[in-house]
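Please read through the structure below; I'll follow up with questions.
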Amino acid sequence: MGHLSQKEYDTALEPLLHELSDAARWIQETGQRLMVLFEGRDTAGKGGSIHMFANTLNPRQCRVVALPSPSERERNQWYFQRYVEHFPAKGEISLFDRSWYNRAGVEAVMGFCTSEQVSSFLKAVPDFERQLVDDGIYLFKYWLCCDQEKQEERFADRLNNPLRRWKLSPVDHKARQLYDAYTEARERMLAATDSPHAPWTLVDYNDQRLGRLTLLRDLLDRLPDTKLPEENIPWSKLGHDPIKERYGVMTPIPSYRWNDRND
Amino acid sequence: MGHLSQKEYDTALEPLLHELSDAARWIQETGQRLMVLFEGRDTAGKGGSIHMFANTLNPRQCRVVALPSPSERERNQWYFQRYVEHFPAKGEISLFDRSWYNRAGVEAVMGFCTSEQVSSFLKAVPDFERQLVDDGIYLFKYWLCCDQEKQEERFADRLNNPLRRWKLSPVDHKARQLYDAYTEARERMLAATDSPHAPWTLVDYNDQRLGRLTLLRDLLDRLPDTKLPEENIPWSKLGHDPIKERYGVMTPIPSYRWNDRND
Amino acid sequence: MGHLSQKEYDTALEPLLHELSDAARWIQETGQRLMVLFEGRDTAGKGGSIHMFANTLNPRQCRVVALPSPSERERNQWYFQRYVEHFPAKGEISLFDRSWYNRAGVEAVMGFCTSEQVSSFLKAVPDFERQLVDDGIYLFKYWLCCDQEKQEERFADRLNNPLRRWKLSPVDHKARQLYDAYTEARERMLAATDSPHAPWTLVDYNDQRLGRLTLLRDLLDRLPDTKLPEENIPWSKLGHDPIKERYGVMTPIPSYRWNDRND
Amino acid sequence: MGHLSQKEYDTALEPLLHELSDAARWIQETGQRLMVLFEGRDTAGKGGSIHMFANTLNPRQCRVVALPSPSERERNQWYFQRYVEHFPAKGEISLFDRSWYNRAGVEAVMGFCTSEQVSSFLKAVPDFERQLVDDGIYLFKYWLCCDQEKQEERFADRLNNPLRRWKLSPVDHKARQLYDAYTEARERMLAATDSPHAPWTLVDYNDQRLGRLTLLRDLLDRLPDTKLPEENIPWSKLGHDPIKERYGVMTPIPSYRWNDRND
């Protein structure tokens, strides 16, 4: 099928964003709660996928949860505790940029926890998630896949593009040597935590644009019919000539002289 | 100068984003704290300006603070209390999509608080902000201006474009009838809270792209020299053929068939 | 056996408090987590029991969790969410003055939630609590019983003693008419949520002093051996005459002249 | 005047607790906010003073704030930030067991912060507190004094009484060698932060019972008249014989056999 161009992507994405927008209104008006977990290979495209949602939706409805490393106190709490406080209330969407599955991924592979902690975690997860699903939360779990060839290309881009260099975390250099170990950790995690009530969905992100379309289409297809009658927003004529800004205390600063700079 | 095209904007923006990226690294490495308040006319372009930052920066460093209406308990607290908990720690950036200035803007104009509360607020702000600036926080306060003609165009776009309709809040219809009252509230607010330690900056957002460039250029110019020596990220060859994804428990779902749908 | 006098109570309590103190040190030093839920009949003696713990233990280790009515946002979250954030970290004790069981008690009897919500809650609790117990948390659930005759005496005391009148909540007057309904709600709750991993313990609080001794003895008996070797706190002589307070900027206010006032 | 006996203390305290209780009702019903800071010499009696309040008042109205050492992230925030979130809402009382003044006390004396940080803190405090007082918060700041002779007695008691040994913190042993340094730090702090809007009150706690009476009397005297008309709580006869507990699922555990144990 080849790679999608930006233009092809934009064209394909547009109708999906309209459906997403409808779904968000349905969530709001019917009081649903939606949680989407974005997990996956480093560089696969979690951030870009989350931006696809966050740039379309109301930030007061849709919250991105990207937790830092746990504090000392958090490390001594129930493992799920610091995630629970970010769960959506009715009408809300929480997008998790990584999640409790850190314990079965980076923490397990990098040795940030004991293997006993990993086993306990994998055993606890299905019941934990069933609690949420039984409570009526829509829980979607996506794992974004990509081959190491793509990963290396994207690491190289981050290395060379100052705008993306912050995406290179200290563990990345080591992580790329552990591609296989991550695969094994993922397989173990899938075997233990892919459940009827909270299934995993793997999405191929070797082409990130295609990956985003695939993920979004899948998510929309798995929600019930979210079409609501069109909103009727009463809106009248202004009734007078539009008013211009007027300034007393101070005036706007001069606009950026973009022509000059780009001569 | 006319309106910037998307392409002209992208070209002009690129070098500024590199400077922003440098500034973010400087904030991180030298432990600075940056707070940017985005206030202004409805539809002026707060959200788009915030996206300009947030799409470039590390979400673990740069947090968008878009608070909902205060809860019953919050309404009974010190007015600044619920904002304080979102202040940046060293190395962090907080972008406030509206801020404590709600009290002098929408709350004052719409009558959500008493005029005595507005007066107390305006009196308290300069000292409150001096505390923060004295503590070493970089505090930038932007007010985004636009004429009502532009505002009406943008309201119409929100009304007609389902992707943006969530931006039409219930108070917007009333707010547009109060364009002048908002101007007066702004002038009063500027007179009371434009201080040497925490000055206001007005930016003309009649052309939103130009407005964003102007705001970003201004912010960068007011930071000290943020250029740090280039990072030296050690990066070695992979040392073996790149590995392909392999799947045991489950395989990725089929990719979205975008060609078919767009036939 | 008759009622315990204050003196008999103090004598009997003393050795138990020493054991409690040992247990707290064991919790601290071995990184245990202890949660105690205090539920029961209105006026039974939850507050006094909690004070017995809190007055003995380090407030930085032992936290009393007495949550107010849920906020609008909390009412729209996962029911357990607002409790989870108060779970103990390693080394800590959380004493819950009422708990998630509100849903099966006051909320059910008073009609603050639907009967479907009660049923869902009762179904969810055993799994929820198993998560915590499997994670290694010590979870104790006490329900404090008393006959209505005692309850009426205590309500009368609250009514007539200004120091206790705040304990009369607005629902108390109605609640006393619903003694039987509370019994039935308790029985249903016990049937659904008394589990091998998180059993309920009923304690007779018709004599509150005896009730407190009984509860504390039971809790201590169910912890493992908490005796640790005596702490060796190095402590040397002061090495000089003790110093007296001296005052420059200001002096203490005059002490309360208690003799005069009580003439 | 000599030391108060327990009985004399109880007799003198009783009417003060009634006034405190009235004041709490006044705070609740008129929507006041009260903050009391308890600072002072180690062992002076902060904890006991706080218990005097907390044992009398509704824990849902009166919160004890005893913060642990700051987390890594908190150390990188605005110094006041972690305290602000515990400020009282209308109708509430916050009792601070130590407070932001740590920076001028233990942190300064023990070298947990730089002398520049102490200076900045002392300079910032009066404005910070003025913000709160201007906002209508009642702010009381008590510093509890005692001579080293008393302090040594109390340290010895903590060392020898297992029930109080948790009160011996690791820094205590060093702190007693620094009695004079603490005095100097206090004097500097008083000079910088005793302000007309938020004055300090020193209370002599060489006799702790007398100290508590003195502190409470002072606080009550500085509140406005808090007497409200008596509450009229409607209360009817029960209308039937009181009901006895009856048990289906399980029965209360046997009561503690205190006689036997104390033979």
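Every chain is named by a letter (A, B, C and D) in the order it is written, and numbering of its residues begins at 1.
To be clear about the criterion, a contact is a pair of C-beta atoms (placed from the backbone, for glycine too) under 8 Å apart; a residue touches a chain by one contact, two chains touch by 3 or more.
These numbers were taken from a predicted model, which means no experiment stands behind them.
Enquirer: Of all the other chains, whose mean CA position lies farthest from chain B?
Expert: In terms of C-alpha centroids, the chain at the greatest distance from chain B is C.
Enquirer: Please work out which of B-C and B-D is bridged by more C-beta pairs in contact, and write that pair.
Expert: B-D
Enquirer: Centre to centre, by mean C-alpha position, how many angstrom separate chain A and chain B?
Expert: So the centroids are 20 Å from each other.
Enquirer: Need the CA-centroid distance for the pair chain B / chain C, whole Å please.
Expert: That gives a centre separation of 45 Å.
Enquirer: List the centre-to-centre spacing of chain B and chain D in whole Å, with centres computed as mean CA coordinates.
Expert: Each chain reduced to its C-alpha mean, chain B and chain D end up 41 Å apart.
Enquirer: Give the residues of chain C touching no fewer than two other chains, as numbers and ranges.
Expert: If we look for residues of chain C contacting two or more partner chains, we find 68, 73.
Enquirer: If you connect every pair of chains that touch, what shape comes out? Choose line, ring, star, complete or other.
Expert: complete
Enquirer: Please output the residues of chain C touching chain A within their complex, sorted ascending.
Expert: That would be residues 31, 73-74, 76-81, 84-85, 87-91, 120, 123-124, 127-128, 130-132, 134-135, 137 of chain C.
Enquirer: Which residues, counting only chain D, touch chain A once they are in their complex?
Expert: Chain D reaches chain A through residues 68, 71-73.
Enquirer: What residues on chain B touch chain A, complex-wise?
Expert: 1, 4, 8, 11-12, 15, 17-18, 21-22, 24-25, 41, 47, 51, 55-61, 64, 66, 68, 97, 145-149, 151-152, 155, 159, 162-163, 165-168, 173, 176, 179-180, 183, 187, 190-191, 194, 200-204, 207, 210-211, 213-214, 217-218, 231, 233-236, 238, 242-256, 258-259, 261-262
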